[in-house]
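My structure is below; once you've seen it, I'll send some questions.
Here the chain labels run A, B and C in written order, and each chain numbers its own residues starting at 1.
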Amino acid sequence: MDLISIRDLTKEDVEAYFKKTAEMEKNLASGKKPVSNIVVANLFFEPSTRTSLSFQTAAKRLGADSVVYNASTGSTQKGETLKDTIRIIDGYADLIVIRHPLEGSARLAADVAVHPVINAGDGGNQHPTQTLIDLYTILKCKGKIDGLAVQLVGDLKHARAMRSLLYGLAMFGADVTLVAPKGLEMEKSVIDEVRERFGAKVSERSSLDLKSCDVLYVCRVQKERFSDPYEAEKVQKEFSLHEEDLKDVKKDLIILHPLPKIDEIPESVDRSPHAKYFEQAKYGVPVRMAILYSIIKEAQK
Amino acid sequence: MDLISIRDLTKEDVEAYFKKTAEMEKNLASGKKPVSNIVVANLFFEPSTRTSLSFQTAAKRLGADSVVYNASTGSTQKGETLKDTIRIIDGYADLIVIRHPLEGSARLAADVAVHPVINAGDGGNQHPTQTLIDLYTILKCKGKIDGLAVQLVGDLKHARAMRSLLYGLAMFGADVTLVAPKGLEMEKSVIDEVRERFGAKVSERSSLDLKSCDVLYVCRVQKERFSDPYEAEKVQKEFSLHEEDLKDVKKDLIILHPLPKIDEIPESVDRSPHAKYFEQAKYGVPVRMAILYSIIKEAQK
Amino acid sequence: MDLISIRDLTKEDVEAYFKKTAEMEKNLASGKKPVSNIVVANLFFEPSTRTSLSFQTAAKRLGADSVVYNASTGSTQKGETLKDTIRIIDGYADLIVIRHPLEGSARLAADVAVHPVINAGDGGNQHPTQTLIDLYTILKCKGKIDGLAVQLVGDLKHARAMRSLLYGLAMFGADVTLVAPKGLEMEKSVIDEVRERFGAKVSERSSLDLKSCDVLYVCRVQKERFSDPYEAEKVQKEFSLHEEDLKDVKKDLIILHPLPKIDEIPESVDRSPHAKYFEQAKYGVPVRMAILYSIIKEAQK
């Protein structure tokens, strides 16, 4: 069993992960380690702090071991194919976590490997574990997802977390508003898909309107995806959150962000009760424990 | 409980760490691991070999796990603030060890984090765990610190270990002589402080005189702190130890160094019975075990 | 007990490692961890993926812990000697695994360290753990080594694995044919040595002839060893394996490669039953477990 795309999961699968995550939160409190004799290989072909560290922490909290491969120091420079790298690591480890800049690379890895593969982000494509964390955070903060007014704000074209998230929100019946600068909108085919598959309510705007919003999800303008850093910065400023935007919001609005954030959210907002992004980051550990645990147990059957 | 500066510790605190270190030396021999279910995050925003490896080794010898964040590969490049990074890591780990080039950064981290923070060096400022190692080594080699004639030699302006060390030596009643090249002397305010607080005997010289010296502590001229590498090298040569300097010394003189050393101590001295710097490096593990252990236990109360 | 060169081992030593490796394969299946309270330091002064990861995995599967030192981030930049680095790490860890670009560096490390040292490749010189993996793979695939027709193909002058391997094959009575491009032949002194010491049958050719071959061992033209990358590529193409080369071979020919491979073996061969290089990579873990285990137990006597 691999976890490559949120599309591979049914609503029941996701709910099972949520149930398992709640168990893992209890294990974290009690120190119970339900796994042993497992080595997880973390293959990072792109820099990442929180994804890499939270997967490593999750493995250790579970009772598993991690080995880490950072592409910059490895043999990929020498011209080895990704297939070969995967085949070799697959001979060492019990489970592979992979982040790679190319779309489809995680799927390729899953095809090649005998052991399970978890996609920790493949280019602008999918980042399913982030989506599970996002949904779990909403569920913990609001008690439900169904019927919530959720706004996704920022560069929805390039941010990999956003496509997976839209799919997950639609699956659970949220009403989603997409707020993106011109030229950086979510791909139409992605929106059409969730409308068709889940009958999801998805609308589009080109500026923020937080009055009736329950969940505001802000994402970073990823400068490295632009050829013109000036353009990137301009867009980022325009689609930043400002403290005054929060004056007329619902009392229980929550603000999420996949992090790292730069200037799209001012530091003063960090202290607001609406800000839940650090809590969201923290759920990365129990959610990834639940994913690792479920996949390890499935593989041991 | 954080450990940010040696100034935060009373003499009784330091003595408690020494007692705990002796226990840890016994644990090292017996293989007893007194800690479990703890993840230590090592955040290194500056390269470091021995500090990073000895903290990692200490954690493992205690029974704890480590995750390592090296800034060069992380998201700080993307513009994330230190505060945000700390808040996120604080959500994963039980304890944070931080090295950062900016003075005050460890204190900032401690203010932000819910979990305890240990300063593993903040710029030219403090390096309290190194000082505890230095003092413990002196105690182990000489049986006491009080009344010993200690010379600190080298670039006392930039070397971060030296300020903390002067403070610690003064606290324990050593007679300290500072030997620094012109322009690289210890800051006067630091000397005034220890004279006032501990009634410490501190004198200054501009060349070595080892006749009555009990402990010689040499530190490296940190080339990267100079704009002119030629000047750095000249000073380094002048304030190097030469084998003939050791002809008329006390039989039980000990030579310490925070390491790495380059040419400030000739290789032949490594074989002399005076040289204790590798033993000093080795004490890094039990001293850091004692610190980690004490702080973990305090946090669990 | 160190492991620096295959030359330090008798045939009985190697056979003892093979026996221990078979035990470790059983431990891998049962999850038994025969070691505890051991920290292995992995010092890598050269990039390496599979050697580093397979040593780390082997340590974890045994029940030991690993700390990793990558030279690019360490203090060697600051001018510290290798001797000093080793002495310091030797104070932290129970066993040192070292890869270094300079010939003789692993021997130097073993001389300096109190704890055992394992050579994970020193320049173009020795790579004894790779050789033990190669020989073990042949033994597992063919049931014996004695009398087999083995061809070593590629840049036999620079590839460090090949000298150790020739020595090991000769020790076990294989008939070795060396196939190298002009100017990249194995050093004559190495061939003379194995002829003299083991009465080994070693012949040399300048092109492939696989008709009667039992084991084909292909190695990469290491571009970084050439000053002219064009020349490197030309040679590599000439000494690559082509699918049609496999038409008239023995049914049970096995093809090995130390990996990473680039274009010296076409991807289509990966699917052939002759290709055993991924299996060979996989044996890296149990063979290195056997080596670590034997050396740890010897040191504990």
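Please note the rule applied: contacts are C-beta pairs under 8 Å (C-beta built on N, C-alpha and C of every residue); 3 or more make two chains touch, one makes a residue touch a chain.
Model, not experiment: these values are computed from the prediction.
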{"item": "Same vs different contact residues, chain A with chain B, by half of numbers used", "value": "different"}
{"item": "Rigid-body rotation angle, chain C and chain A, from Cα fit (steps of 5°)", "value": "120"}
{"item": "Inter-chain centre distance, chain A versus chain B - centres from mean C-alpha coordinates, in Å", "value": "40"}
{"item": "Two or more partner chains touched - positions in chain B", "value": "none"}
{"item": "Interface residues, chain A side, partner chain C - complex", "value": "36-37, 39, 41, 65, 67, 69, 73-81, 83-85, 87-89, 91-93"}
{"item": "Residues of chain A that touch chain B when the two form their complex", "value": "31, 33, 47-50, 53-54, 56-57, 60-61, 70, 72, 220, 223-224, 259-263, 267, 270, 278-279, 281-282, 284-285"}
